[in-house]
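What follows is a pair of complexes built around chain A, which joins chain B in one and chain C in the other.
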Partner chain A sequence: MMLEYDPGMIAIYSPTMIPIYLCGIVAIYAVIRVVMEKNTLRKLVFLSVMNFAITGLVVLTIPDIMALFAGLAYFIGSNLEANAIASTYVGGEYSK
Partner chain B sequence: MTGLVLNIIIAALVSWIIFITIDIIFKLPERGGVSGADGIGHAIAADGGSLNGGFMMGNIVCSPDASAGVLLAACGVFVAGIPGGLIAAVVVYVGNRICNDPGYAGFTGAVWATFIISWFGLIGITPDVFIAGMVIAILTIQGISHRYASLLLNRLWRIRA
Partner chain C sequence: MNEFYILVVSLIIIIGVIYVYISRSPFDKLIGLAIMLGGAIPFIALNGYLDVALLVAVIMPLTTIFILQATGRKTDDS
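Moving on to the complex of A and B:
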């Protein structure tokens, strides 16, 4: 049986896919840098680049309002986790 | 396709200028807002970078600042237009409060970026291009070389201080 043509589907070589590919490449690059980095606190800085790229991917691949909320929740949650890890690592108290 | 690549470069430059300007106006490089940001600043300074630039990079990691505001506003405008961007701004404000960050850089950045990105949509640079542009802009600061990025941020901070 032949597959029907789906006008809503975007071909993988279409130029409109370039932003999605860019976000994916940046995410993979950031993960490689995280693995290669020795210092825990500096790992978190590379990890934040991955969080930016994944948030972009979530919203770009599913252009829907609920995906926006998923991306927002993912990003704020990842910031909170990085904050908690870094604060615990350096001693735990807020510096004022 | 060449036009799209050019648009991504323009979007990356515009997002870079927006988030660096707002972060420096809100004095993010002055000190680490929370102790984690303070520790990241010292870790980058120990590697040969600048302490003030390190504080700003630590603040970007530990709390949603203007760079997060620009990315999430671009996501919001991409999905739901200007109302989507303003929803993102409210969530960034809540995130700032959750992360115990005293500043308003994220909220201000998101509101500004919503209107700037909507305006660029009128001249053909769409919000999905801005999402990719913001990812590239944050890559240049946080992902290539912490030492030189922090020295660059320190030089820009000297102009403000």
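Moving on to the complex of A and C:
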């Protein structure tokens, strides 16, 4: 697979790879918890955890200043999305 | 390094799509769409299209909010 940012990538067994491995493991764990959970509001908590981890993956992997803005936009948008789903699910007097 | 990254992100996408397919409640389907988007954004960003990733990350929550106006809160099982 041909990737554009290959020269900036880091070796596999390097101490600077530890945050990326941690973010990936946290993302997989949060996704598995979202799928296995019964309560919908508890699912949204772990969805926010997954959003943190994905933002960390995007920002830590790509050595470019534009990746910071992409991560910023994704973090704000996904948190807005999760909170919109939660507030519609709880349902104040607006949705009645 | 790329192998770990691609494995994690594609696992997230596949789990999200299967969860959208098998879940019954519309809120659970929207949560699965959010999982699928979270897997798709790093693939767009890894190939260098960072402006496309920024625009997708802004527009996709807006569509979710518009869909939420259509799906009211059902009090039975959702």
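Note that in this section the second predicted complex is superposed on the first by the 82 of 96 C-alpha atoms of A that agree within 3 Å, B and C clash if a C-alpha of one lies under 4 Å from a C-alpha of the other, contacts with A are read in each partner's own complex, and residues count from 1 in each chain.
The working rule: a contact is a pair of C-beta atoms (placed from the backbone, for glycine too) under 8 Å apart; a residue touches a chain by one contact, two chains touch by 3 or more.
Bear in mind that the values here come from a model prediction, so they are computed numbers and not experimental data.
**Student:** Does chain B (first) or chain C (second) touch A:E81, or do both, or does neither?
**Tutor:** second
**Student:** Touch check for A:A70: first (chain B), second (chain C), both, or neither?
**Tutor:** Once the two structures are laid over each other on A, A:A70 reaches chain C alone.
**Student:** For A:M17, select first, second, both or neither according to whether it touches chain B, chain C, the two together, or no partner.
**Tutor:** The answer is second: A:M17 touches chain C but not chain B.
**Student:** Contact-wise, after the overlay, does A:N39 reach chain B, chain C, both or neither (first, second, both, neither)?
**Tutor:** First partner only, chain B.
**Student:** Quick check for you: in the superposed arrangement, does A:L60 touch first (chain B), second (chain C), both or neither?
**Tutor:** So A:L60 only meets chain B here.
**Student:** Under the stated touch criterion, which partner chain does A:Y29 make contact with: chain B (first), chain C (second), both, or neither?
**Tutor:** first
**Student:** Once the structures are superposed on A, label A:Y89 by its partner contacts, choosing first (chain B), second (chain C), both or neither.
**Tutor:** Touch partners of A:Y89: chain B and chain C.
**Student:** Just which bits of chain A does chain B share with chain C as contact spots?
**Tutor:** 44, 47, 64, 67, 80, 82, 84-85, 89-91, 95
**Student:** Applying the document's contact rule, which stretches of chain B touch chain A when the two form their complex?
**Tutor:** 1, 4-5, 8, 31-32, 34-40, 43-44, 47, 57-58, 60-64, 67-68, 71-72, 75-76, 78-80, 84, 87-88, 91-92, 94-95, 98-100, 128-129, 131-132, 134-136, 138-139, 142-143, 146
**Student:** Going by the contact rule set out above, which residues of chain A touch chain B in the complex?
**Tutor:** For chain A paired with chain B, touching residues are 15-16, 18-19, 22-23, 26, 29-30, 33, 39, 41-42, 44-49, 52-53, 55-56, 59-60, 63-65, 67-68, 71-72, 75-76, 79-80, 82-87, 89-95.
**Student:** Write out the stretch or stretches of chain C touching chain A in their complex.
**Tutor:** Its residues touching chain A are 1-2, 4-6, 8-9, 11-12, 15-16, 19, 25, 27-28, 30-31, 34-35, 37-39, 41-42, 45-48, 50-51, 53-54, 57-58, 60-61, 64-65, 68, 71-73, 78.
**Student:** In their complex, what parts of chain A are in touch with chain C?
**Tutor:** By the definition above, chain A touches chain C via 1, 3-5, 9-12, 17, 20-21, 24, 27-28, 31-32, 34-35, 40, 43-44, 47, 50-51, 54, 57-58, 61-62, 64, 66-67, 69-70, 73-74, 77-78, 80-82, 84-85, 88-91, 95.
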